[in-house]
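Here subunit A shows up in two complexes: once beside subunit B, once beside subunit C.
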Partner chain A sequence: MMLRLALHSLTRRRSRTALTVAGVAVAAAMLLDMVMLGSGMRESFRGFVEQQGFDLRLTPRGTMPFDTEATVGGGAALVARLRADPQIAEVAPVLGGRVFVSEPDPVAAFSIGLEPAVQADYVLEDGRDIAAGDEMVANAALLAAVGAEIGDTVRVAGGYDPQMRRVTGARQLALVGRGRFVMLAADERAVAMPLATLQSMVEPARAGAATSEPVRADRLSVILIRARDGVDIEALRTRLEREDPRLSALSTAAALEFMDERLGYFRQLAFILASVSLLVGFLLVTTLVTVSVNERIGEIAVMRAIGVARGRIVAQVMAEGLALSAVGATLGLGLGLLTARWLNGILAAFPGLPDAFDFFLFEPSSAVRSLAMLVACGVLAGIWPAWRAATLPIARTLREEAVA
Partner chain B sequence: MSVRSSRDGVAGHAPSIPLGAPVLRAQDVRRDYTVGGEPVHAVRGVSLDVHAGEWVAIVGPSGCGKSTLLNLLGAIDRPTSGSITIAGRDVARMDDAEATRFRLTGIGFVFQRFYLMPTLSAAENVELPMAEARRPRTRDERAARALELLRYVGLEARGDHRPFQLSGGEQQRVAIARALANGPALLLADEPTGELDARTGTEMIALFDRLNQDGTTIVVVTHDEEMARAARRVVHMRDGAIVDDVVVRPMALVPGGAAADVPRSAS
Partner chain C sequence: MTVNIACVLSLLAAQGLPVSSGPQAQQPAQAPPAASVDSTRLRTIAIDERLAEEAGLGIGDLVTVTTVAGTPGDTVGIAAITRRGADPSDISRGEFKVRLHLDHLQQLTGAGDRVGRFAVLAEDAAVPRINAMAFGFQAHRAADVAVETSTTFRVVNRFHRAIGVITIVASAIFLLCITLLKVDERRRDVGALRLLGISRRTVVWSVVLEASLVALVGSAMGALLGWGASALVNHYYQGLYSTPLRFTLVTPGIIGFAVVLSLVLGIGAGLIAAQRLVRRSPLELVGR
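What follows is the complex of A and B.
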């Protein structure tokens, strides 16, 4: 009967209760979104890194993969040496650079030169994989930009002089497949081709130089390494850096740590906003339950007078807080997921972000924990008004109510 | 003569109180408090015995301390000094939990403003003290007893009605049924006709008379002269003290419960 009284007291002022529940739901949604944001980017980045399945990334000293246009020379010898290393199971050399596709108005695209057998940079969506030196895979954005289809042969150049309207290092490549480039934005035009093919193309800055040697020859942007089972990754990383001072070696853990540092502000912001959400939910419930108790102070005094125990009054009032926060949190779960999806759509459109990068990650356990925290806050929010209700002086309250 | 009073099942273990035996004994009760920093001596050394089967009206001018005294007798306030014994138990020395339990099962309260729970039906209002006391044990039994009590106060057809659907007199009848729910030793009423029109007030007095005829011990604080005339004993208060105590009618004797039809509580 006490539970019914608690629920009845909430339905007595329906619009007020509905507004409070809506407020708690918004607070819960914000809390959920902040929790999702706090871990979303990190986990999304981890997903990308781990999806590639490599343990180490070797880059020119002091750079991050594709952070700059820096490359390292002597690529073939370096790869051969690494492949001979007993601790290394697999080596995937990669060269990144700009190319120009089609004529008469060449379209710039990011090109990845790789070894198709060990590549981890794109996922084939249509057609087939690269099998020969004069074949390539492009993404949908590039295909749309140049109006090409799988099966077409297109002209791809390593450089383009817009004043002279002249391309350099051009090759005819067969378009054999369409791929999704996991680390690139969806609208970023991209093409993958064999490493040697890209290395053979002349860069624009060097096109006018005295030598016609392609400056990409034998150069690499990053080398992905998969260690053999049981190998200490950190020890291997240290050794590789020591053996070749031109290189920086970045482990997956270090990459995640690096990402964590960069996302520190985001997480702090998310933590602060999540705390504010909890506080707002707490205050909303406290306010409503306090107002509700004040309105029923005479009824509560009468209940105490006719013998209803303090504990029952406390339970009744706290049940109101629990009901408000539980309903608000449940609605907030749906609202939070909707807003997270909407915000993710907005943030994902940020230029240069990988297509599949998610800012908000829904983890059921985290969601349940955070919403349970809000519900607990709602219950705690009922303590003060409940205690007030349970300890009110019965005789004085009844006298004051009679006078009122 | 073996008679019964309405205290069947007081606290579930209260002794049966023979008619005429003391139900309530207040000795030198004082209640002082401060209002705006000024000391107020609301009750000044009141001593009062109420016996089973009595109907006592406490009358006096406003502010004379009669409602404060009623609160003290009903264990919803504590005396500054003195003792109050109800059904053999010193309520002034009970802690809050004990006093609450004692109010639940030993005392029935009727208030001037009815104070029914507006979100509960009439029957549920009557069930409330029974549910709190878990007497009777099952909901069905409690519902049956609530209906029985509503029938006693003439409202068996209104069990499903919410308080706002009832007139003032009907609400007060429900409040009386609620007060009787756990078979209290003592029924305390504070201005029970104060919010009612004259005709309804007269009906209410008749109900109190019937309750008393059926063995219920009643102490009522009232300004209503008709109510005071209907009581069997009138206690006059002034300035926090009893100035007169007059038995105006002999106590009703209810033999063996045969004539008593106040529904008994399931102790």
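What follows is the complex of A and C.
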């Protein structure tokens, strides 16, 4: 009975109710989008980090992995020491640098030198993995740029002198596979080759006159570490930093914290817009229910006069708020998913982001929580008008309504 | 001429490491005045203010710079602390910046007589000529470089516009809804006016005028609120990213757009609401 009365009251002014529901739906969509934005970047990045399956990343002190060109020397001894550590299960040394694939014209590409048996930087899409020192895997962007195919042999150089138009430190490498580099943008040209191969390449811009000495020899950009089961990661991180002051050790949690700091702007924007959306939804429902109660003031006074309890009046008015916000939130769910796709498409153009990085990540539990908050706001929005309706002075209201 | 280098060039003190051994490293935390750095014997560098703040460095402090962490380098004096320019490409970068004299950096890095880039004051027409005659060089106009380095901000700008579109849709619905409610609430007054002989046209115009006034006052308050919010946003993010870059701009054009949009929406909503009202008979409006 109470619900029927509430629904009847809402359908009495259809266009007004439809507009309010539309307003709540837009607010719900915005709220959902902002919740998706707030958690999406973090979870997306967590996915990338955890996909690699390592617990710690060792980098030259004060730097983030591949954020700068800094490297650390004595790589072989360092890796040997880490592999001998009883708390460490696996060590993956990596060197990053620029190379030039020089057929037909030099094409610059980001190069990762790694140990294929323990690598976590690319996923093989076609062909086979690196098995020898003169083999490499490239991504689709590089293959397209140089017009090469799996099975070809290409000339790869460690340096290029644009004035003399000559490459240096060149080697013939067989292209054995095509890979997707998990941390790189899809349009960023990239190759992976054995660590020793990249270390042996000369980089003349750094070496100056002494081009016979490879400047990357025995150097590493980052070392990925997987700890043994049961090892306290934070304690291991602290110990490794203490043992070698040249290094910073970065845990997954610290990497996420760093990501949060860099993309803090979006989280703050998401929080502000989500709060505004909730407020707009609240105001819309409050306004409509208040006006609706004002219009039916005589009707409510009659109901009270014939013995309808205050509680039932309150429940009926609050049911109106609940119905408006629930219908609006349901419509907003679909609208929010559509707008999230649109907004994600815009932000996907960010330079240097991995292709699979999502700014808007749909998590059913977060979506339900946020929309439930909006519905709760709708119910709360009905409290004031409901209280007002329930506490009307019956006789005076009836007299005033009769005179009107 | 100076050249920017990233902090990967290991300003050891900045990384929290001891600044090399020897009495020079034992500088007090309080920086002596700039004049105390003897530039005839000691090379000098400039560091950015964020590095100075995070590493606790000041003018006159001595630090060691080296190209490879953990290897011996040159002891230099800090002669200047620089403030970051309003460069969008710097915003998301976490690295510190150290400026050295060109020959010093060339010597440190073993780069010989090499340079990364030249800045040349020239006419736009000179760009193709330079590219045609200078073997191994590529000339770029400053404007093109600016466009290239501000890709991140252009994406953010597109995102903001999209959010703006959603906000406008929500505002339009909100305004229409409120105007309808407000006009509907006064149906008895309108009914009485109509019974007194006031024409439909006058009623419509009075409702539209009222809606326009509400929209105008609302947009003026919104402009003030927006201006205040913009100042807050700029203050917060300029501090957060240590940059003089202005993150939000309230221009006369933007205020004009907001006012015109509010007026259009207000008048539109007023017209719709008024038309709905005057279509009904006066007796119906007064509840008879």
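FYI, the second predicted complex is superposed on the first by the 390 of 404 C-alpha atoms of A that agree within 3 Å, B and C clash if a C-alpha of one lies under 4 Å from a C-alpha of the other, contacts with A are read in each partner's own complex, and residues count from 1 in each chain.
One rule holds in what follows: a residue touches a chain if its C-beta (ideal position, glycine included) is under 8 Å from a C-beta of that chain, and two chains touch if they have at least 3 such contacts.
Predicted, not measured: the structure shown is a model, and the values here were computed from it.
Colleague: Record, for the superposition on subunit A, whether partners subunit B and subunit C clash or fit.
Modeller: In the arrangement built by aligning on subunit A, the partners subunit C and subunit B fit side by side.
Colleague: Just to be sure I read the superposition right, which of the two partners does A:12 touch: subunit B = first, subunit C = second, or both, or neither?
Modeller: Once the two structures are laid over each other on A, A:12 reaches subunit B alone.
Colleague: Is A:228 touching the first partner subunit B, the second partner subunit C, both, or neither of them?
Modeller: Neither subunit B nor subunit C is touched by A:228.
Colleague: Which holds for A:395: it touches subunit B only (first), subunit C only (second), both, or neither?
Modeller: Only subunit B is touched by A:395; subunit C is not.
Colleague: State whether A:308 touches subunit B only (first), subunit C only (second), both chains, or neither.
Modeller: Only subunit B is touched by A:308; subunit C is not.
Colleague: I'd like to know which partner A:128 touches here: subunit B for first, subunit C for second, both or neither.
Modeller: A:128: touches no partner chain.
Colleague: First (subunit B), second (subunit C), both or neither: which does A:369 touch?
Modeller: A:369 contacts neither subunit B nor subunit C.
Colleague: So, does A:62 touch the first partner subunit B, the second partner subunit C, both, or neither?
Modeller: In the superposition, A:62 touches subunit C alone.
Colleague: Quick one: angle from subunit B through subunit A to subunit C, Cα centres, nearest 10°?
Modeller: About 90 degrees between subunit B and subunit C, seen from subunit A.
Colleague: Look at A:26 in the shared chain and tell me whether it touches subunit B only, subunit C only, both, or neither; answer first, second, both or neither.
Modeller: second
Colleague: Could you let me know whether more residues of subunit A are touched by subunit B or by subunit C?
Modeller: Result: the larger residue contact count on subunit A belongs to C.
Colleague: After superposing the two complexes, find the smallest distance in angstrom between C-alpha atoms of subunit B and C-alpha atoms of subunit C.
Modeller: The answer is 8 Å, the least C-alpha separation in the overlay.
Colleague: Tell me, which parts of subunit A touch subunit B in their complex?
Modeller: Going by the criterion above, the answer is residues 1, 4-5, 8-9, 11-12, 298-299, 302-310, 312, 393-395, 398-399, 401-402.
Colleague: Can you list the residues on subunit B that touch subunit A in the complex?
Modeller: Within the complex, subunit B touches subunit A at residues 67-68, 71, 74, 76-77, 96-97, 100-105, 107, 109, 111-113, 115, 117-120, 124, 127-129, 131-133, 178-179, 182.
Colleague: So in the complex, the part of subunit A that touches subunit C is made up of which residues?
Modeller: 13, 15-16, 19-20, 22-23, 26-27, 29-30, 60-64, 67-73, 161-165, 205-210, 245-246, 258, 262, 264-265, 273, 280, 283-284, 287-288, 291, 294-295, 339, 342-343, 346-347, 349-351, 404
Colleague: Across the complex, what residues on subunit C touch subunit A?
Modeller: 6-8, 10, 14-17, 68-71, 92, 94-95, 109-112, 114, 135-137, 151-152, 155, 158-159, 162-163, 166-167, 169-170, 173-174, 176-178, 180-181, 184-185, 188, 237, 240, 276, 287
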